[in-house]
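Okay, got some structures for you below.
Below, chain A partners chain B and then partners chain C, in two separate complexes.
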Partner chain A sequence: MRKSWLQGYILKRLLYAVIIAWGIVTITFILIRIGPNSPADKYLANIAARGQDVAQVTAAIESRYGLDKPIIVQYGDYLMHLAQGDLGWSFSTSMPVIDLIGKHWIYSFQLIFLSSLLAAIIGILLGMYSAVKQYSKIDYIISTFSFAGISIPNFWLGVMLILLFSVKLGWFKVFYDTTLPLLSLENLKALVLPVFTLGTGMVAGYVRYTRSAMLDNLRKAFVTTARAKGLPERTVIGKHVFRNAMLPLVTIIMFDLGSIVFGGAYLTEIIFGIPGLGQISFNAVFANDYPVVIAITLIGTFLALLVNLITDIAYTYFDPRIRYE
Partner chain B sequence: MTDSTILEVQDLKTYFFTRRGAVKAVDGIDFSLKKGECLCLVGESGCGKSVTVLSLLRLVAAPGRIVSGQVHYNNVDLVHCSEEKLRGIRGGDIAMIFQDAQSAFNPVLTIGDQIAEQMTIHGSIDRQAVKNKGIELLKEMNIPEPDRVWDSFPHQLSGGMKQRAMIAMSLSCDPKILIADEPTTAVDVTIKAQILDILHTLKEKRGMSLIFVTHDLGIVADIGDRAQVIYGGKSIEMASVSEIINNPGHPYTKGLIACLPDSSTDSERLASIPGTAPNPIDLPEGCPFHPRCAQVMDICRHVVPKQTIISETHTVNCHLFG
Partner chain C sequence: MNNSRSAESRPVRIHGNRRLFLYYWNRTKQNKLAIAGLGFILFLILLALIGPFFTADPTHVDFAERNVPPLGFSTEESIYDIKTNAFTVNLIEGTWKHPLGTDGKGRDMLAMLISGARISLEVGLLATLIAICIGALIGVLSAYLGGWWDNVLMRFTDIMMTFPFFLLLVLIIFMFGPSLTLIVLVIGLTGWTGAARLIRSEALSLRTREFITAARALGASDARIVIRHLIPNVASLIIVMATLSIPGVILAESALSFIGLGDPSQTSWGIILNDGQKSLDTAWWVAVEPGIMLFFTVLAFNFLGDGLRDAFDPRSNLDAR
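And then the complex of A and B:
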């Protein structure tokens, strides 16, 4: 079936995305600028040590970055630049924000990509197995572990993993080594603990959601029909039941990507010293580096909106009954 | 098994093992199906007729289990044969249609996908030939615009269309036996008539044998050749349809016939059988019908009646005939 209405729907959603992004930028901008701190603060110790006039130097720095203008003018300037794709200048690292993000995004991406992919595969397979063998010993074992996995906060898990595998056993380095080439086995090894930290909670979630979504559908009449047609059990489960269980799963996986994954990645990067977007955003907050904070918030917003849109489109493929007007 | 017998069921028992005990849904069913005939399984809701036909193809899901019995088809015992052998027969030689076509189709796959899937699994490889045959079958079921229906999802079709598409699907591998589990219960009267007509034509044209599960004696009279009356999970009477209707033996069958509206009398109320169907978790000892039977005798309370032959085409399980 052709889905001609989908195009209009996507356009409409993209328009909404722009409006929402504008709202987020405005809120972030105002919140961060009403604080009492200035990007000049980090120079203050140096200035004082050199015997210079603090107030004068602060004024000079603020004037250089346009921070002395009324906030509404600054806001207007920021939006104008943003509309032209200019994310601003990072005070603390002395480079354009876009370059800073260009340098660091890959570290976040590799962590999130590997964790989500592995978690989805392992979680869904274990969940399917658990559902098909409901109330078996293995089902109980999987359920127990997934309950534990959901309950363990990943900042705690990360620290414990470092203590055990890096400090005690010495299998891994305590900190992530940024000198390693990205596409190398050493780099992959360096990511084992971070991926495990970020992925455990996700696997646990996927197991539980897959199991219940599969169980919801295993008893449906169409499953009996599928068996009565002479289909082998793997087709009955893998095609007929799983296709129907996919819908709630897509929601959960995409929702996780937006909240747990990005949030969890932020913490995981800080624990393991991975120089991803979470880490630079964390540093930027402490350096009062406004443009970086706003830019990364904006990227998060766009990713979340994009993921939502992809989810909505994915629905229409997994469930033909859904259409948007 | 005689030459004309295509399927023979012996002492079939299917129990559901629940926390409150074993639910004896099917507790000793015997019947045989002849080539080209329409055999009706008749009984009230909960008497075990649906579980009986599901058991024939081992489709009963846990906690249900076939605890004893044999189902002979073509020198194969379907209760004990390998999964692989059974899968070849399911949907191939023996096909099934279900009560509620709405839920019997997978909602996320097209009608065409679901029909083609069955043909492919039973060995048809040429996709175009599969599609042609599928659309031909839809056309044979009087479905308008079969090409469009082939590419439609179940929710885009009406209930009657779905039921007919379901019959088309069941016929896709030219089955020898078609099992229909109350296929007319969920559709309205006109569709019901159409479906009965289709099934009747199929039987005549293809020489197919039909097992028709129903609680509706009107349907039995309409398309049945023979009828098997089931009560409390047991076979209680088996006869040609005319004998069942004109000369019922078992008091329960008599009761069922008496319940039919009769235009020749003026009575305002329909007759009914006092009491309710037995609880399958706690079946009465002896004859399952004895608590509701007007002609109950002492022996009925303790001994399960054996099959008694009344005529060549009529058997009954009742102590009155013992």
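And then the complex of A and C:
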């Protein structure tokens, strides 16, 4: 019985995801169309800046982008291209956008993966400790630091770390050498400050979520039952309280990943010169490289959508109490 | 407020409101951090309102007085003389004329920070107001109309929620050009999703309560039920939501300005920080000061929002502490 409604639910979620993806693509298309600068304008500005003949190129671009066709046909073409994985041509780097992304995604992935993993482990452990020792001195210290952590602007923290550790102390260099292999000691060392910058806010957030989720569950009757039947405190906390607190936590962590972490990683990459997707998009903004900026926004959005979808489906497996009609 | 109310019911209502206000104020007052936060926010508002009358023009450039450190600090400036081919080292000390120092163009940091406070507060309050209004409207409508409308509005909310907020902001500013009005509008028009969901779920649970049924039985119209019964009952939720979303808005504007996508005609904290980042080795205070302001502002709103949430939550037993 359970299998069948679950399959129906997954199908329904997939359908929603497709509708949301379509909505996102459509909103982006509308934004491009109502924007005061069309992609062609930006392209032409680029051509003119290079001293080439604008009039000659205009017609070529119009047919390349299909701008001479009716709007509805353009919309159809746009959807078709995206469905085929064709994200356009990056003229500031002279390569297809998809290749550009293929070359640089790993740096973003590395930064986000390391920061999220470390932040989740440290944040959850500190949060658990804080909840179990509620109102103790260490609880107050952890709570104060987590309040400071969620309030500190992460881009400012990055600049301060550079000021302290690179300018004043000279411990870390602040540029990333792409010629060296990804996991070389030099480049891992260059990742220390960025991971700290991106991770601080996350740790603080997770401490707060974990603490309140643990406290909610600690007051429940089943905890008293578990203690009454003589289970050791370790088992009560680790097995009964923590497992129940984890469920809402996982959703929050995954949702943060899509909505907040991407923005933070964008800024962190710019500050520390990590050649990831945020840096690429940032460069493209100032080079007027339209397709790249749009492609990276779309990729970020689709990833967020995918993460939410996986979380929702995983949730139904982990928590058998959940039922959706 | 509420001019449409009939004269007879007014004294009772105001009395009730004042009593309720006092009740919540007393509960909020117990949280010292919340009061500290409120105090800092009021100080900031005052600073932004009357500060400009007492400080220099934040855009006034004076190269003779560039890179002056804050009061109590000193820096060394080495000047290269092309004729004698020698370096002369000048010791620059902080002066009372520029208590917080000057930047690389000789602009007064204090004046710039006050201008930044005004911009941050404007952006934070206006964008949040827009976002909360849209969120409340969509949330209440979705809960109250239900069915097909609910489905469409919530799917639209899902779509807006999925956009990584900052990437969308960068995309729109990139396409339409940087201006403060646009930044406020975009943050307001995209930041309502959390409020809409929360208010919808609260309104959904309220909709089936007895007092709503009673109001309907007495013949109250839909509009009256929404305005007089639903919205006042989610008001506390809306206030907490608004207080806690202001810091995010302020940070978003600063982050945009920091990476050079802010309004170049305004002296905001993010823009000062952007300049400061480039001169870390010659004038560290230009990067440090706006960040400290930003940090305390965000902290103040977080403290206040947390305190308000506890005060409004009938389940939190403040007296027991």
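Simple rule for what comes next: the second predicted complex is superposed on the first by the 272 of 325 C-alpha atoms of A that agree within 3 Å, B and C clash if a C-alpha of one lies under 4 Å from a C-alpha of the other, contacts with A are read in each partner's own complex, and residues count from 1 in each chain.
Convention: contacts are C-beta pairs under 8 Å (C-beta built on N, C-alpha and C of every residue); 3 or more make two chains touch, one makes a residue touch a chain.
Note that the structure is predicted; figures quoted are calculated from it, not measured.
Room for both chain B and chain C is found when the two structures are superposed via chain A, with no clash between them. In the superposition on chain A, A:N244 contacts chain B only, with no contact to chain C. Contacts of A:G258 after superposition: chain C is touched, whereas chain B is not reached. With both structures placed on the common chain, the touch criterion links A:G300 to chain C but leaves chain B unconnected.
Taking Cα centres throughout, chain A sits at the apex of an angle toward chain B and chain C that amounts to 80 degrees, reported as a multiple of 10. Here chain B and chain C are compared by how many residues of chain A each touches, and C touches more.
Contact with chain B, but none with chain C, is seen for A:R227 once the two complexes are overlaid on the shared chain. Once the two complexes are laid over each other on the shared chain, residue contacts for A:N308 go to chain C alone; chain B is not touched. Judged by the touch definition given at the top, the superposed model places A:I152 against chain C, while chain B stays out of reach.
After the two structures are overlaid on chain A, the closest C-alpha atoms of chain B and chain C sit 7 Å apart. Touching of chain A by both chain B and chain C, each in its own complex, is seen for no residue at all. Residues 54, 57, 59, 61, 83, 87-92, 95-96, 98, 100, 103-110, 117-118, 121-122, 151, 153, 155, 169 of chain B touch chain A in their complex.
If you check the complex, the residues on chain C that touch chain A are 155-156, 158-159, 161-168, 170-172, 174-177, 247, 251, 254-255, 258-261, 273, 276-277, 280-281, 284, 287-288, 290-291, 294-295, 298-299, 302-303.
Within the complex formed with chain B, the residues of chain A that make contact are 1, 219-222, 224-233, 235, 240, 243-244, 318-321. Interface of chain A with chain C (complex): residues 16, 19-20, 23-24, 27-28, 31-32, 35-37, 147-148, 150-153, 155-156, 159-160, 162-163, 167, 258-260, 262-264, 266-267, 270-271, 281-282, 285-286, 293-294, 296-297, 300-301, 304-305, 308.
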